[in-house]
Amino acid sequence: MADPILDIRGLSRSFGALKATDDVSLDLRAGEIHALIGPNGAGKSTLIKQISGEIAPDAGEVRLRGRSLAGVDAAGRARLGMARSFQVSSVAPEFTVLQNVVLSAQGASGASFRFFRPVMRDAGLLGTAHDCIAQAGLSGREAVPAAELAHGERRKLEIAMALALRPALFLLDEPMAGMGTEGATALGDLLDGLRHRAPILLVEHDMDAVFRLSDRVSVLVYGRVVATGTPDEIRADPEVQRVYLGEEA
Amino acid sequence: MSTILLIEQLLNGLQSGLMLFLMAAGLTLVFGVMGLINLAHGSLYMVGAFACAGVAAATGSFWLGLAASIAAAAAAGAIVEVAVIRRLYARDHLDQVLATFALILIFSEGTRWLYGSFPLYLNVPPSLSGSVTLPGGIQYSLFRLAIIGAGLAVAVGLFLLIGKTRIGVQVRAGEADREMIAALGVDIRRLYTLVFALGAALAGMAGALVGTIQSVQVGMGEPVLILAFVVIVIGGIGSIKGALVGALLVGLTDTMGRVLLPSIFGLFMETSAATSVGAALASMAIYILMALVLIVKPGGLFGARA
Amino acid sequence: MPEGRGGRMTRAQIVNAALALGLIGFGLGAWAMDETFLVTLATKVAILAIAGAGLNLVLGFGGLVSFGHAAYFGLGGYASGILAHHALNYTAMFEWPFVFEGTTSMPVIWLTAMAVGALAALVIGALSLRTTGVYFIMITLAFGQMIFYFAISWPAYGGEDGLPIYVRNGFPGLNTLDPVQFFGLVCVVLFAMLGLISMLARSRFGLALQAARQNRQRLMAVGIRPGGVLLVAFVISGAITALAGALYADLNRFVSPSMLSWHLSGELLVFLILGGTGRLFAPLAGAGLYIALEHLLGGVSDHWQFFFGLLLLGVVLFARGGVIGFLAGGKRHG
Amino acid sequence: EPVKVGMITTLSGGGASLGIDTRDGFMLAVEKAGNPDLEVHIEDDQRKPEVAVQLSDEMIQSEDVDVLTGIVWSNLAMAVVPGAVRQGKFYLSTNAAPSQLAGKGCHENYFSVSYQNDNLHEAAGQYATDEGFGRMFIMAPNYPAGQDSLSGFKRFYEGEVANEVYTQLGQTDYAAEIAQIRDSGADALFFFLPGGMGISFMKQWAEAGIDMPVVGPAFSFSQDILPAIGEAAVGVKNTAQWSKDIDNEANAAFVAAFEEKYDRLPSLYAAQGYDTARLLLSAMEKADVSDADAFREALRAAEFDSVRGDFAFGPNQHPVQDIYVREVISEEGQLTNKIVATAMEDRGDAYAEECSM
Amino acid sequence: MSALLEVEDLNAAYGASQALFGVSLAVKEGQALALMGRNGMGKTTTIACITRMMAARSGRISFAGHDLGRLPSHKAARLGLGLVPEGRRAFAGLTVRENLIAAARRGAWSFEKVCDLFPRLAERAGQRAETLSGGEQQMLVIGRALMTNPKLLILDEATEGLAPVVRAEIWAAIRALKSQGQSILVVDKSLRELSSVADDCVVLERGRDVWHGPPAALSGDLAQRYLGV
């Protein structure tokens, strides 16, 4: 089997006495959706932040295509191809949808110190942006400032921005939260197609989506990975049922 | 330098620090806790000083003057909050800067209109005038000792009010999300008026105390305002403990810098030049201190947030 | 700046054009009527607008509230004053590696002032950008105050007394002592700077800069480091404001530490807010209104500052988004 | 031909009291003279150099004044005077007289009617020497006028300087300095702290209860701020070229008229403003302002009855005059100054030689 | 039984763009009403008008016999509205305990009872809200609303981002609350769980209330049409 795109080894991070992640190892292989589930406060977002470089781990390392990312900051990791969405929508509120996505495309292009040409007339960036907006299901809302979007629409904008980075992999922190059944279904279909472009590490509490989409599922409890397996294996795991799934399994 | 002189200078630093704390505490409440940049805080300090001078002159009693300073500043604060500030919470900081800048002009020129350009004076009340001999033979002004006491008492009171009471919790909740705390049934408008008036009262009291040992004049609040901002930024905005520590640091740095730097430069320079260079560096000292603190701790010493 | 929707942009453009024409018209009109002083006043507005434009780049677009921009303004002024001082007194400014006796040539002075401003902004910016929000406001103030006190107590160039420039510096082909020619020169600089800023704001750099104001976390996540973007903006801003300082020194034929004082930093902020933060023409609108009110009210009463305060208060409370926001409507950007 | 005077002085903000007195003294003389050919424009400089420059531009360019006057502060004078005199205007200083303008930078159109900035400090030094103070503690703010002040003092002081301290400009708390003074064991204290700084210092000084003679230039004890200092000032010695009790007709008339018109006692600044106007009026009697050379000669002659008694200009057009030592006294419930000695007679200044006029 | 909350012909707008067009709904004492609709259809806007966080253009809102028309939002809340807002909005700098007591009013719900409902919160009582996990924050704001002991509990997407077990617990809690007679207005995406508590449903589409009825009737075609299920 090919080497994993993303390889996480022994990541630990404590906040005071609390071990938010505790010696977590997992990997993300080409073409897969790897779901990360676990109770609230298990450390999923903390793990994503360590992968994306927003917070530094106390121990352990992250490798992207075999290359260690130690010392690379969040912006550097984004340039290396990590696209992430935030659990709480994080966009530029005064920018329009289009400007937000163009910003993302510009980031991917790596050239932000250009002082002369108007960016909103850059055909290349605009093309990418319109594409991604359409894929995320936001067509027609390009000119609306992000602050005026309804909650669910802002979630979609996050997805569009991640797409525009043309990433090597996606780190999605609860992308479906707040989206509504219809939106979640559409997003599921989108992710389903996306995995072949770039693998996805998906944190989600929407179990329908998780079991429908993922190739593998890891379960994080109190900062530790307690199980990894196929959706069916996880669904059947009594421990996972007890601490996380409840009667839903 | 003799030990006695050194101790006396430390006391001076402590006293000027606690004086600053009275200003800074009100500012940090309004600024850190209510999220409002109030440049007019110095004007409230001035209002307190003028009220004290006016009432003390009319009644002959410093204590009535002091009470009047607190009342007048609190009233001025409440009026300003209701008439102007209240409309600004939802705006960004910059609108607040402009509006409170306008308030400075109004207060300063208004006071000048009423009292003229000539400074007023206040006398230390007989019961607190003169100096006492402290253990070790240190002569120290009684009034300044009283200021030290008042500053410490206010520090404790505020610390309890903000940290330990439900009112404090509600005010801080208001700073985090004003709309939300109102939607939960707290009359945040009235609460803010009260807090603002409290901050103003402290500033007014500081103005009266400082006016008594210095002078009462239009514009007296501005330099103190800048220093108070320095203090709360060093300490970390919104933290009463930070304001206290910051104020003491600034007071001590300023006093000791003024005293020590010229003599230090005197060790290897000609006296006149040394005193002048030393004095120059001393006036920069607190700003250097602030820059250093912020470079090392970008959120101030006790700042909750960056 | 973000492209507005529909007719909004044009309305803002009309206001901008009116402001530009108003300034030029006022200056020329005053000149035609032989009111030399009013030409000088218009020149002052234009120069302060340049300084404000420098601040606007970081504040309006980048969201950095610098409370220490007087530092660059004053450094630009002193660059001009010191160069002219040596040139006029025929004293060497430095003798190594070559003897340099200063200069009275504006282009050279301008470049020097901008270089000095940029350098100061680079150092101060690099240190200050570690902080955010109010802490940033205060650390920039701190650096400003340090330079201010330094200028006051450094006797070589006049200290608190300041440094006179007996004759206005020269510009090739112009008689800068003629108020209207100097006014014209300043206007050209002003509109060049506004053009530059407008271009920057629309560029890729500008998009990143404005994103840095709104959400630094997001900017990082798309692979752009806000620190670098903001620092570059800060340096450009320092250079522009220093250029204004050099012009101001020439207007007054005098530099003093008051150019470095926090009052001036505050006034620059007030111009921007009064004009409408984040609007390209805010500095011009704000400085124009401020100076006009100051001038008109000053004649009415000794207590004019009282009424001035009331007027300013009225503007904040009732004209949201500053003068331009009030006139042009539309969303404010900052 | 009428003479247009532009008066730029500080009428608002801190320090307004000095400008107001200057203006009131000047206008008192103008009104008493009732000369219809004298027209005065008064503007407020807010104590800001750049505002002063703009006002002078306005007066010179738009209002076409012949004479400028009124500036209180040296830094404003440095900003305005060189440009104004180069444009052919006369400048008559009612107060500020920085050394640069007395020495190398002197100009034929520039006259100081008050003094040269150092004079009062020099006189204080002379007085300290005369009194036999062997060790003096000297103190001033750290800015050029403060540095000049201490060097002026030392120029004529022959004893030992116990300590030399520069305070911060605008400082209001002097606890640290007072502790140093107490500790120094000096015979006497000389300080120069103009305006609010002096008020604060004196009040704190009195509180500290240190038994040490105090000497200073008149600025800290002039009539406009004495009431603010209060009883603390009584007994302090200060040096001035004028006092309300100088015994001559002109002075008596001035003091009476000033009190009558403004209902307060005149200060040093009022006297200086008054003398300046009287000098100008005397020149107008003798020459037409459009003939600059003649007018200048008439000014130089200084043929007017100064409230100071004898008055003459030295070669650099700064006064040559007596400087007195005054003591602060309480008189009819009011604090005021009384002459107790003459510190220097016919004193010119230290910079006249550098002036090549 | 008379309606606790009654909204009639509500119109509201964000600046120039109208968001609500004549919405009407009613919550009866002791009952639960579900407000449903796709993203951006006006659910949150309706709630903002009811809680007086946003001024309606026109329409009538009455609650417990009072007209909410002109009341400031804190007064409306004191009449007994308890809001769990969309997007959580816990007071970031305050500790869990402080968040809970900040707006507490006397009644059956106390700190201890909330901790019984959400033991997680008891464990984290001294931690600042901004450092809580998403789900913990969600529990916190539900607890915060309960601590005001409201007559009507308004939940806007209260289970967003919660683990299935917790979600189940919260739905259980909501059902329990309702069985104790608590009146509830609830917005959620999950039709299945809504059906288990709601007595009545209102569906919004583009700012209009296009459908009223019991949850059981909202299935098949209707659900597909209005909710995309």
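Should a chain be cited, it is by its letter among A, B, C, D and E, assigned in written order, with residues numbered from 1 in that chain.
By definition in this document, a contact is a pair of C-beta atoms (placed from the backbone, for glycine too) under 8 Å apart; a residue touches a chain by one contact, two chains touch by 3 or more.
Keep in mind the model is a prediction, meaning the values are calculated, not measured.
The fewest steps needed to get from chain A to chain C, moving only between touching chains, is 1. Any chain bridging chain B and chain E, meaning touching each of them, is missing here; the list is empty. With steps allowed only between chains in touch, the distance from chain A over to chain B comes to 2. Ranked by distance of CA centroids from chain C, the top chain is E. Here the spacing of chain C and chain D, counted between their Cα centres, is 37 Å. Work out the mean CA point of chain B and of chain C, and you get 31 Å between them. Centroids built from CA atoms put chain E at 50 Å from chain C. Annotation: 75 Å between the Cα-based centres of chain A and chain D. Contact with two or more other chains is made by no residue of chain E.
Counting partners per residue, chain D has 12, 142, 147, 169 as the residues that reach two or more other chains.
Contact of a single residue of chain B with at least two other chains is seen at positions 109, 112, 276, 279-280, 283. Under the touch rule stated earlier, the contacting chain pairs are A-C, A-E, B-C, B-D, B-E, C-D. Chain contact summary for the complex, chain A toward chain C: residues 52, 54, 73-76, 78-79, 83-84, 86, 90-96, 99, 102-104, 106-108, 110-120, 122, 143, 145, 161, 165. Remark: chain D residues 11-12, 43-44, 48-50, 53-54, 57-58, 61-62, 74-75, 78-79, 82-83, 86, 98, 100, 142-145, 147, 169 touch chain C in the complex.
Looking at the complex, you find that chain B touches chain D at residues 1-2, 4-5, 8-9, 12-13, 15-16, 109, 112, 117-121, 123-124, 129-131, 139, 141, 143-144, 210, 213-215, 217-220, 223, 255, 258-259, 262, 271-272, 275-276, 278-280, 282-283. Put simply, chain C touches chain A in their complex at residues 2-3, 5, 199-200, 202-208, 210-211, 214-215, 217-225, 228-229, 232, 331, 333-334.
Put simply, chain B touches chain E in their complex at residues 166, 169-170, 172-173, 175-177, 179-189, 304-305.
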